[in-house]
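All chains are identified by letter, namely A, B, C, D and E, in their written order; residue positions are counted from 1 within each chain.
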Amino acid sequence: AGKGAASPTATASPTAAASPTAASPTQTASPTQAAGGSAASKPKEITIPVGLLVDLSGPTSGVGRGYARGAVAAFKYFNEKGIYTKDGVRVKLEYYERDYGYNPTRAVQYYKEFRDKYHVYAIVGWGTADTEKLSTQTAKDKILYISASYSAVLVTRPYNFFPAPDYSTQACAAVTWMAQRKPHGTLVLLYDHRVEYSKSPIPAIKAMAKKLGLKVYEVDLPLAATDADAEAAIQKAMQYHPDFLWCGNTISSCSRAAKAMAKYGLKAVMVANVWGFDERFPSLAGAPEKLANLVAGVSPWKWPEYMKDKPGYRELYEAARMLGIPEKDVNLRFMQGFINVWLLVKAIERTDSKTLLQKKGEALKEALESSCNGEPIKLGDITPPMRYCPGNHLPFRSSYIVVWNGKDFVFEGPITPKGVDCVKATLKASGG
Amino acid sequence: MDYVLEVEDVRVEFGGIVAVDGAGFRLRPGQILALIGPNGAGKTSLLNVVSGFYRPKRGRVVFMGRDITRVPPHKRAAMGLARTFQHSELFKHMTVVENIMAGLEPWRRYSILDAALWTGRARDWEEWARWKAEQVIDLLELHRYRDSIVEGLPPGIQKRVDLARALAQDPKVVLMDEPMAGLSREEKEDLARAIVEVNETQGVSFVLVEHDLEVVMDLCDWVVAMESGRVISEGPPEKVARDPKVVEAYLGG
Amino acid sequence: MVDSAALAVITFQSTVIGLVFAALGLGFNIVYRVSKSINLAHPAIVLLAVYVTLVASSYLASHGLASLGFALGTLVAAVVGFATGVAMEITIARPLRGRPPVALIAATLGAYYILKGVAKAVARDMWTTASYRLPGISISLGPVVVDATDIAAIVLAGGTLAALIVLHRFTRLGVAMRAVAEDPYGASAYGLPVKTLTMLSWGLAGLAGALAGVALASKTGVEPSIDLYVLEALAASLLAGLDSVAGIVVGGLALGFVRQMSNYFLMSWLPGFGDAAAFILMLLVLLVKPYGLFGTERIERV
Amino acid sequence: MPPLLEVNNIEVVYHPYILVLKGISISVPEKSIVAVLGPNGAGKTTLLKSISGLVKLDRGRVTRGWIKYAGMRIENRDPEDVSRLGVIYVAEGRRIFRELTVEENIEAVAYAWGVLADPELVYRYFPRLRARRRSRAGYLSGGEQQMLAIGLALLAKPRLLMLDEPSLGLAPKVVHEVYEGIKRLHEEEGVTILLAEQNARKALEIADYGYIIENGKIVMEGPAERLREDKDVQEFYLGLKKAEGGGYRAAKWYRRKKRWV
Amino acid sequence: MPAGVFKERYSQLMAHLRYPIHWAGLVAGLALLLALPLAGSYAMSLAIDAAIFFVAAVGLAVTTGLAGQISLAQGALLGVGAYTVAKTLEFLAAHGGVPEGSALLLIPAAGLVAAAVGLLVGLPSFKLKGYYLAMASIAAQAVLMYLFQRVIDPNQGVTVPDKAMTLGGLYFGGGGAALYYLTIGVAAVMALVAANIGRSSIGRAFKAVRDNDVSASIVGIDVAKAKALAFAVGAFYAGVAGALYALYNISFGWDAFGLDTSIELLAIVLVGGASRIIWGPLLGVLLLHTGWSLLDDVVSGLPGVGLIGGADTVKYLVFGLLVAGFVVGEPDGLVGVLRRVKEYFRLWPFSY
């Protein structure tokens, strides 16, 4: 998808031109020029390059498209609305969108393109495997990296951020919720035993379950699951007479498992992780009524549809309206992409133009980490106040459990897991 | 040593079909022996047993006094048993000279490391192999085609390349399957000349499977006639050609 | 501890998936028979058909034809699949006739990318995880429950297999196709309608791919990565023997069973071993029968 | 009456730039047998393939001249269209469907000609194929394969049958049989035959007229009996010098160069 | 051999550089490669990435193009090489520390380990041919992948320590001039070695087996040995490429070595032209691998991209058309295109 529309064409669009603060392209100082030139004359507007690494065609593009759309909408929306540094300089985001098709080799290649060709300050990225692997490099290159992967490993990486608790903390909230519903119940974990994304929260879940007195069994469910796989997994699970199921895969796999649950009348409650559950889940599972109160998902945020007029959520709809995106498409995935870019915008707003031009990604990182002891970051009502501390980028710890009641989604919580350090449990298990 | 090659009582079966049923022959040093018989008599199959491509159900092959019935085909070539084929079985995407040199692989005297680094050992050997190939190219007048890819060459030239590949191996015995098929009179004469020359100057023995009776009569010292996998007649050419059994089965009225 | 109910369920599901794999593999065999090549674009035909069905059925649903949506959508996909196959024959296979098969394989790889692009362009906003809207049927046969997706898969995959196998095995057309496959030169010299037969074969392979794809998608959900299953179905093709059309049923079922059974029974020791197990089975079979269970052995004579 | 087939001064080029036929003209009158002789690589096969359209599949092309069959221009046409017109080409090297059984070979070709084709015809002309009907054709002996190839051509009810070295690799008795078959065909079915052969003796026995091609050009032509009498033809194609003490062994010492070309 | 140029020894005929034009090409190519870092680090990254895939593809070209044994396990063998480096270093780190520059020393070791695994992968080739063999190699790919997932890299991610990639003050990780020169140096040597093997008797044996394994055995070639060797050589290349992959990526997981990578490598070899073991892979890598990375900017500049569903969609269409167009236009692969151009100039102005 190439160069984002934040380039001169967008700047010259009627709305932008009408806005009093909008500078004409000629006045725009390129960051390199400004950085190299005398610092005395403050530029009126600066443009900073950002990479957007998404999956639009690969195995995760089923959710990747929505995410990318949200991110692009946010870039356009904030560019239009105006992003200003602490010292009042307008910042334009010039984003480069690359579809890496979930291929790690291509991810690396695009990363190098972002870094070496476009000299990006920040990257809004996607998957667990690629983000984790790039994190060492981004730390060296001092490029801010905001990902759609909420893996616990990333919490400790200096340049990685996301506006959510990590997978393990989210999963611990789910376990806490289960224990509240039925103490000493039985929990079966369905996940792909080979995939890091699916495996990531498992040690934390086990630790939490042990603490709360739940019995835990594990069943393999492939990430690419056919009904045959899903039904086999559910058959296996049924042998443990579970009260709860955890589904750690993505939505297609988890919804197939839910379908099998309904088919064989397993009356356990399945809680799926954040990428395993969204607005489409009941229809994907194909038996919306049968699954009433039996399927749920973890989510760090409430979903847009339920919060339309609340601050933060309003911006989502505004952006969608602005770009002609139908309201029904403003869903969880759209929001995830949107708020990741928003977090970047927040970082810019917390720094000043000089530092930004000089320290680039590092300035953004420091700006976000200034929330540790200073003013916390809030994305409207979407997130609670967030604090990123050096060495611990866990901004908050609470999640909702979104329960499908047969007609609608009900948000229970927020729940904050207690008594177990879920991030640590995971980090210890992965040896990192 | 009376015979360079002795093939005794060979039986080859394919599923239900008995291709060779007790046939055999003996070849004296320096002899040119012809194997004749109707189509499907089992001549090619018998050659395949000698060169090791078919494993006989029964019988044995003795080459220069050594029983080679169980020796794998690629080792037989190195022992001095060369072979040409009925249809083109050349390496068709390779050039003529490469085809000939490929036949020298059993005599390669350097390792893959030498090859990788193109050491003196490799270079010297390749030089020798090329020289060797040029010898037969000279003999068979293949100069014009030296660097042509075999695939596009006319069948007659391919036959010559096939023979060149065999002769480059300095064989004791060459098995030739229908060398004359598809050649014009003139080309047959050329090929015959080459065979006779190698035979007379180097003492190489030949087994020819051939349908051109004229060639057989002119070139061969001994003829073995087969039918249905069995030898039906054997002896000097004139005698076999007159054998009523041969006339009936092979030559026709 | 073998749970008999679970075993029954898995047996049934293995059969369904096996049939789907067989139908998916069928397209490879048909193309192989006429063009001696592996059609690497076959997975993309499946992908395209799956999304065409989704788009068409949701278009119909939005025009008040929800009940017919799936059936008509499948029909559209079948037509698209057939047309795609024919188009590939004309643009790729025909110009490359008589060239080494590797050239055709490489060209079909190009076609894979094109067709994936077309599928994305067709799907646009629907390029996402989805599922077909099927009626809420549920029939219990002892422990086994059969639902609408099972029925759709069985009907589509089974029907495709039955129709095409009959066509290939029990008509002269099938023999003619094999002749064309073996030697298109010779065939055209003897007056066989090589162009038509080749085109028809590619078209039928596309059609089979489309219907099998819809069958697959009803068992896996509509997924951008659904094409990956199709490569696995290639194992079924080779297991059967690439030039055997009828054998594919055995190949598909074997693949389905080995895959699902090892996923289930080896779950505690080797989770997710099904794919590898299926390939190992195939390898073992091939080591015993180098041209597949029903493939014709190549004639080797010198 | 114009000849059934007329080839006028054609040039044929193989990909990328190999000029093989350098201006060849032949004419084949209806119901005649015409033989094309010549050494290896002369271009006999190429000539037949240009007529049948098969050169195209070898990436070859007629670049000059024309070919007329029954009044129609057919150069550079698709082989299947040409064969539909009744021009059937039996390729050298026994081009049959080796992986199919004899029966399936017949079925496949019969399919192409629909009800017109009578599978029994093959067995009638070549009865020994009947016994091997269930064997895969690749396992047939050479003679049987050649018979099958000609038999398949028969199914198409050809008006012009082109045979490329039908005697190649066949035992003398079978050569005889095959040629008898060809003669019968010509007489009984009235098929016009164009024959390319190395086996000049056999070919000139049954042909009415002959052409000799060397190096892509016609070097000699004439009625068969006249060619049979020609001294050069005798020496280079018929090998009749034996009487003068030649023969293959003698070829070593004495070899005359050709005068033509 | 053009008139007027006479060779005195046969070995001169076998030399890679026979004519002045070859030498000129070599000098120009070398100058270009040496100067490439001036074009910036992105250009270097592209070149390193291309060189790594080139090495792996040359190996596959030996196995598949030269010896005719289709393999779809090259991706996993790349992984074997990469994991050899990472896992050995992990072991060293746990047992007394990682010596400086040790990752570089492990490059040949990675090749050897992969070659050993490649021998196993090639075993079915004694029995199987063509597509059936290709399928058998997919089985090997699947099994190796399972081993990576469950045994070797269960965390789906390993990292090469910096110290192992530092030697004499130069840092060979992630990219940059040092790694660039190392990679293209290795690639050049590996290409030369492949070319040497190709022109040796061993190479001829490979080709003979490819063209006709029955007659190859009858003329004296040990077919089984040749096949095994071809697989081992191909795998050795994959292993070396894998080691370089480890250096370039620093962190990587098994997801990089899947069937898609194997297919990509095979496609590179086939589209490039299977019979030419250097030029085929080179052109194939440039079109299929590097071309993909460069296509984004081109595609997003095309008019009407939004109408068809966005640049990512158009990219598939354009890329597919390129690949199919090249192959249909020139079935001998990209090398065939080159040859045609050469032929055209040779015969100009008498174009026929």
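Convention: a residue touches a chain if its C-beta (ideal position, glycine included) is under 8 Å from a C-beta of that chain, and two chains touch if they have at least 3 such contacts.
This one's a predicted model, so the numbers in the text were calculated from it and none came from an experiment.
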Contacts common to subunit A and subunit E (chain labels): C
Chain separated most widely from subunit B, comparing mean CA positions: A
Centroid spacing, where centroids are CA-atom means, of subunit B and subunit D in whole angstrom: 29
Chain centre separation in whole Å, for subunit E relative to subunit C (CA means): 31
Separation of subunit B from subunit E, taking each centre as the mean of its C-alpha atoms, in whole Å: 40
Between subunit C and subunit A, distance of the C-alpha-averaged centres to the nearest whole Å: 36
Sites on subunit A at which at least two other chains make contact: 56-57, 193-194
Residues of subunit B whose C-beta touches two or more other chains: 53, 85-87, 89
In subunit D, residues with contacts to at least two other chains: 139
Of all residues in subunit A, those that touch subunit C in their complex: 56-63, 65-66, 192-194, 219-220, 222, 224-229, 231-232, 235-236, 238-239, 250-252, 255-256, 263-264, 280, 283-284, 286-287, 329
Residues of subunit B defined as touching subunit C within the complex: 44, 48, 53, 85-87, 89, 177
Sites on subunit E touched by subunit A in the complex: 40-42, 44-46, 49, 149-150, 155-157, 159, 174-175, 248-253, 255-256, 260-261, 292-293, 296-297, 299-301, 310-313, 315-316
Contact footprint of subunit D on subunit C as seen in their complex: 97-98, 172-173, 175-176, 178-180, 182-195, 296, 298-299, 301
Subunit E-touching residues of subunit C, taken from the complex the two chains share: 32, 38, 40, 91-92, 95-96, 99-100, 102-103, 105-107, 109-118, 120-121, 123-124, 127, 231, 234-235, 238, 242, 270-273, 275-276, 279-280, 282-283, 286-287, 290-292, 298, 300, 302
